[in-house]
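The following blocks contain the structures, represented as structure tokens.
Note that subunit A is present in both complexes that follow, paired respectively with subunit B and with subunit C.
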Partner chain A sequence: MTKVFTDGLSFALPLLIMAVGAIYSEKSGVTNLAIEGFQGFGAFIGALAAILVMPYFAKSSQVPIYIAMIFAAVGGGVYACLHALLCINFKANQVISGVVVNILAVALTTFFTSAANTALTGTASNKFILGVSNRYSIPLLSDIPVIGGLFKKMYPFEWIIIGLVVVFWYLMYKTRYGMRLRACGENPQALDAAGGDVVKTRWIAVIISGALSGIGGICFAYSIMANFSPSIYMGYGYLAIAAMIFGNWNIPATVVVCLVFGLAKAGGQQMCIAMKLPGNYTDLFNMLPYVLTMLLLIFFSKRNHPPQASGQPWDQSRR
Partner chain B sequence: MDEYIVEMRHITKRFPGIIANDDVSIGIRQGEVFALLGENGAGKSTLMSMLFGMYRPDLGEIYVRGEKVDFHSANDATAKNIGMVHQHFKLVDNYTIAENIVLGVEPMTRKLGFLPAVNMKEANREIEKLSKEYGLEVNPRNLIEDVPVSVRQRVEILKMLYRQAEIMIFDEPTAVLTPSEIEFLLKIIDSLRKAGKTIILITHKIEEIKQIADRCAILCRGKLVDVLDVNSASAQEMANMMVGREVDLVTHKSEPHIGKEVLNVQGLTVLDENKFPVVKDVSFCVRAGEIFAIAGVSGNGQTQIADAVCGLEEAAQGSITLNGQDITHTSIRKRAERGISYIPEDRQSTGTVMDFQLSENLALRRYGREPYSKKGILNFTKIRENAEELIDRYDIRCAQGPKTIMRSMSGGNQQKAIIGREIEEHSDLIIFVQPTRGLDIGAIEKIHNQILAERDRGAAILLISLELSEVMELADTIGVIFSGEMLKIAPASELTRNEVGRYMMGVKEA
Partner chain C sequence: MKENKRKGLAGLLTSDRWSNVTVSVLAIILMLATSSVILLIMGKNPLTAFRSFLQGCGFLPKAKYGGGSGMLSDLFDYLNILAPMLLAAVAFIVAFKTGLFNIGISGQMLLSGFMATILVGYMKELSPWIAKPLVILIGIATGGLLGALIGFLKYKFNIHEVVSTIMVNYIISFTTGFFINTRYVDMLTRSSRICSTASRLTWTKVNIGGVNCNVPLGIVIAIIGAVLVKFIFDKTVFGFELKAVGTSRKCAGYIGVNVGRSIVLSMAFSGIFAGLAGVTYYLGYTNTMVPKTLPGMGYDSIAVALLGNSSPLGAIFASVIVTIFQSGANYMSSSIGVAKEIASLITGILLLFAACGEYMKILGRRKIEKEEDKKIAAMQEARVKGGADK
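Up next is the complex of A and B:
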């Protein structure tokens, strides 16, 4: 049971930070299917940075992880500029741009991973071996029965993510930029008439989206896979988008949805172990979050209120 | 020259294929209500958009408080204390009124002493104060999506006040309002004038100008005709100048030649989406060569009658016959083919395909027939020729001819296109719903004459209008509807305006 909570949380939080990234982009009026590509590209840059700095630190040092996170954010943010450029400046179809950005990310990172490996080690492997982050338990809270599992064996990045979500929630709902951002996704004409800069607001939002997705990606690489390889493109980016939709583009609600997804996934795995099923059934149970996605889609789609202007290129001359 | 707070000198603005403003010079005095009168597409809004920084003039200069300005955006104009209420409000639906007002100029505070945050408390307080000061009756905490259009308009006014605008431009502010709301708005404008604000009112309604404006500039096809003192000019004079020719404010109607029965509606009942009857057991008939007008206050079921006759709504009970044939359950297209033309109330969603070209819109009723298509393949040459003919015959003003995108045309010209398309079908029955809504007198006069010409050709006309004066001018027979029931049907000659007005309020036989 404890393992359901620990594993659930370590899956839910990277998902959440990506979902928050998706919310930023969509609330600004840019439909974002590119989360998958952002997280993969961000993770690639982060992993590359980690590989490059690792020789300078002790083997058990945790510093490379944090360096990787920073670079993942930068990499995701820079890569997001491509989506922003296509959607905002060239007024491309935002769905198509998102899909193209995803496909391009897979191709680019696969190619450059083997290229980098060839240059560094001489073998054309498509993996960066990263190792696993240390885990810490919180003294008192982790002793609480049942839910204490939430506080046991936590990755440090989980704390960073929780902090970031609070910061970005505040930015969206309490600050001047957040107010303009949300207006931008509902009625950009209103923001423009009020003297705001729609193009700038959307650019910043898409870059934030990329940076947060990149952090989500590197966390997956460090926690679940312990390496970076093309298998980072497992569809978690799309799952984050699904979480955003069920969360009705609202950060607190999305937190709940991500926790449900995380617990469903971890619960499924533990169930599989408890029932002593052969290992190949794990894949079946890994489907649980996605089945849940489909079920929730049926029930929630009607009540949702997506940002009104999401998906529409901003054209000043159009009234 | 110093007496003018705003001066626009020799302004010329061209758009592809059209000269929107041609050497226009006006001066506006501090503290007056200055009206810009002109037909749809005369260039009023364009002229003011340049003052507000949304466009830049191709030629000419703008002076504000004696100082030459060159606005690149609305922000520049706002900085010079100029504000504008657009025809389409620019508001965020799921924001509160206060949030909408402060958007872009948010008051800030520091939470816990260091976290920057938007100070909504301060905003609410400030807006409540402004609202009281000018009698706007607005609660800053309401969501925009929950308040009616008239309140949204007042939010736009508050937006200008909050930004300390001294010069306020209103673009057709009354087009979206009911008569009592118009009264209220004019009162607000008056109180703004008393507070020393300078007001520019774009409109095509002469009565409003007579009521509120001090001076009035008249534009016709992009050119300035004259600037008048409202007190010393007559309505007829202004109307003639605006249209550029003699206008008849009175419609001349010949005796009707009434023929056989065309449309017969018996016991019609229509239900709304909640299964509530909005039309209750209504019976009437319309004969060839007759204008049958349904008068009534908005929302009493009149549009549903029109929709039921043309097939957009289903009749829950009753029968509809056209030329003796029962069409109660016939499809919309079949009805149209049997001789119904329909000019719907909402010209933008029901009447046209806004993102299609004019030529395609003009062919919507006939593209399925030869010569416009053969074996399912469209003949674009014929479709274009058809459009050219209609553009010419119905004086549809469009920047790029048949290729013009419908959305880019003015409302009046969209309506002309729909009316042309429908009349050219030479149907036995033509249904007009609110045919002149939002149009200027020149266009109204033309449309009224077209309706009368169709009647004289021998068509049966069903006219549904919220304008009592339109009903009284055109109708041969009047039916008054109230709360879904036809309270009275009588020849127009037997009813006075006051009687019809009384029935419209639900008063039965006295």
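Up next is the complex of A and C:
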């Protein structure tokens, strides 16, 4: 039972930070299907940085992980500029731009991972071996029965993510920039009339979105995968988008949705182990979050309120 | 036209007749330039690389051939992969014209290929005359039903088709992977057992002019399909209704089009082509399925559709070009030693430039406007001068 909570949380939180990234972009009026590409590219830059600095640290040192996280955020943010440029300045179709950015991310990272491996080690492998981050338990809280499992064996990045989500929740709902950002997605003309800069607001939002997705990606690479390889494109970015839609573009609601996803996935896996089913059956349980999303969307999509201007390029001359 | 010629590139970009072609050609030129730079940085000669891409597809003769193969066999292998690519691109176009994004082409391909493989591919005693049409029918039925389901979810429950298709993609990938792994796996190759030759949509080892060729039936289906879609969109009421829904859902509703029905039918129609792409891919180009792997072609076809300016005939030309890089990658990789992943990188770059098409048109228009402004300013200046002289 505790394993359901620990595994569930370590899946839910990286998903959550990507979903928050997606919310930032969409709330500013830029439809973002590119989360999958952002997280993969961010994780690639982070993993590359980690591989490069690893020789300078002791073998069990945890410092490269934090360096990787910083670089993943930077990498994701820089890569997000491509999506921002296409959607905001070039006025491309935002759904198409998202798909393009994803395809390009897969191609770029696969190509350059083998190129970098050839240059560094001489073997054309498409993987960066990273290892798994250490886990820590919280002394007092983890002794609580049942829900204590939530505080057992946590990855340090889970705390970082929780902190970041709180910061970005505050930024969106309690600050001047957040107010402008939300206005930008609902009615950019109003923001423009009030003296705000729509283009600048959207650029910042998309870059934030890329940086947060990059962090989510590197966290997956350091926990579930234990390496960086093209298998990082497992569709978690899309799952984050589904979580965002299901959470109605609202950060607190999305937190709950991500937790449900994480617990469903971990619960399915533990059930599979508990029932002593052969390994092939894990595929059926891995499917669970996706099936759950579909079913929940059927019940909740009608009431959805997406940002009004999302998907429309900004045109100052329109009313 | 004469007017346009004088204005050069900007004129071509804005003229009604040529702008779409110009944008695609410009995207290809930019792609060639960018990938040449990448190849130069890697220390390879881009011209040799591009030539070996063409050699790999049978457009140019290779230095030497193995026994029983020749330029013609390479060309037929190229056509073999061109067929599903074109069908998948047409599938995307049908939905796109109705204002829908069928991102689920991969999943629809996978499921229809899977259904056809287990229902027909493993029945050894069927004659090819029954098996082949049956495979095609199963492809159409599976893809169509799956597409209709997505359309229904969109119309009835307001679920965005991009999200639902992506979810369905992963559900299909895991389910078919599960069944292949538990029931149909070939222990040696770790993928599904091969399907019977009778059911395959490609005739293997046909001797043409002394070389063995794999002759695809799919390419015929694909070209008929592309022409059929063009006919439907240009000449029929049904096609017009779909286009009307794609342009403005509200407006189409006001003129009396049943929008819900159009959405469901369009997705079903799109699914049919994706299903055909699936059977020509899994029971034509290959004869086995790798478990838990979505075909990347489902996404590449979006590139093809974009480059072909989402017109079925444009898609034929675009798929011919994109497939060269996909199909020639192996030979290019072995002959000049660049990782074959560069093929998907090149496709990605091409996609990127194709997506900028709208911006290129804007730039062209802006340039012409500027020139006209200059002309007007010059005229005004002349008039002012003339007035001063008087």
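Annotations
Going forward, the second predicted complex is superposed on the first by the 319 of 319 C-alpha atoms of A that agree within 3 Å, B and C clash if a C-alpha of one lies under 4 Å from a C-alpha of the other, contacts with A are read in each partner's own complex, and residues count from 1 in each chain.
Methods note: a residue touches a chain if its C-beta (ideal position, glycine included) is under 8 Å from a C-beta of that chain, and two chains touch if they have at least 3 such contacts.
Here the structure is a predicted model, which is why all the values come from computation and not from measurement.
Overlay on subunit A: subunit B and subunit C fit together in the combined arrangement.
In the superposition on chain A, A:97 makes contact with subunit C only, not with subunit B.
When the two structures are aligned on the shared chain, A:170 is found in touch with subunit B, with no touch to subunit C.
When the shared chain is aligned, subunit C comes close enough to touch A:241, but subunit B does not. Look at A:119: by the touch rule set out above, it reaches neither subunit B nor subunit C.
Panel annotation: after superposition on the shared chain A, the angle at the CA centre of subunit A between subunit B and subunit C (CA centres) reads 70 degrees, nearest 10. In the overlay built on the shared chain, the residue A:275 is in contact with neither subunit B nor subunit C.
After overlaying the two complexes on the shared chain, residue contacts for A:191 are found with subunit B alone; subunit C is out of touch. Counted by residues of subunit A touched, the larger count belongs to C, out of subunit B and subunit C.
Once chain A of one complex is fitted onto chain A of the other, the partner contacts of A:58 are absent, as it touches neither subunit B nor subunit C. Legend: residue contacts after superposition of the two complexes on their common chain; A:179 is shown touching subunit B, with no touch to subunit C. Of all C-alpha pairs linking subunit B and subunit C after the chain A fit, the shortest spans 6 Å. Residue ranges on subunit C touching subunit A, taken from their complex, read 101, 103, 153, 157-160, 162-164, 166-171, 174-175, 177-178, 181-182, 292, 299-300, 302-303, 306, 339, 341-342, 344-345, 347-349, 351-352, 355-359, 362.
Residues of subunit B touching subunit A in their complex: 74-75, 78, 86, 88, 90-95, 99-100, 103-106, 108, 111, 115-118, 159. Taken together, the subunit A residues at the contact with subunit C in this complex read 33, 82, 86, 89-93, 95-97, 99-100, 102-104, 106-108, 110-111, 114-115, 124, 235, 238, 241-242, 245, 280-281, 283-284, 286-287, 290-291, 293-294, 297-298, 301-302, 304. Those residues of subunit A whose C-beta lies close enough to touch subunit B in the complex are 170, 174-176, 179-180, 182-183, 186-187, 189-196, 305, 308, 319.
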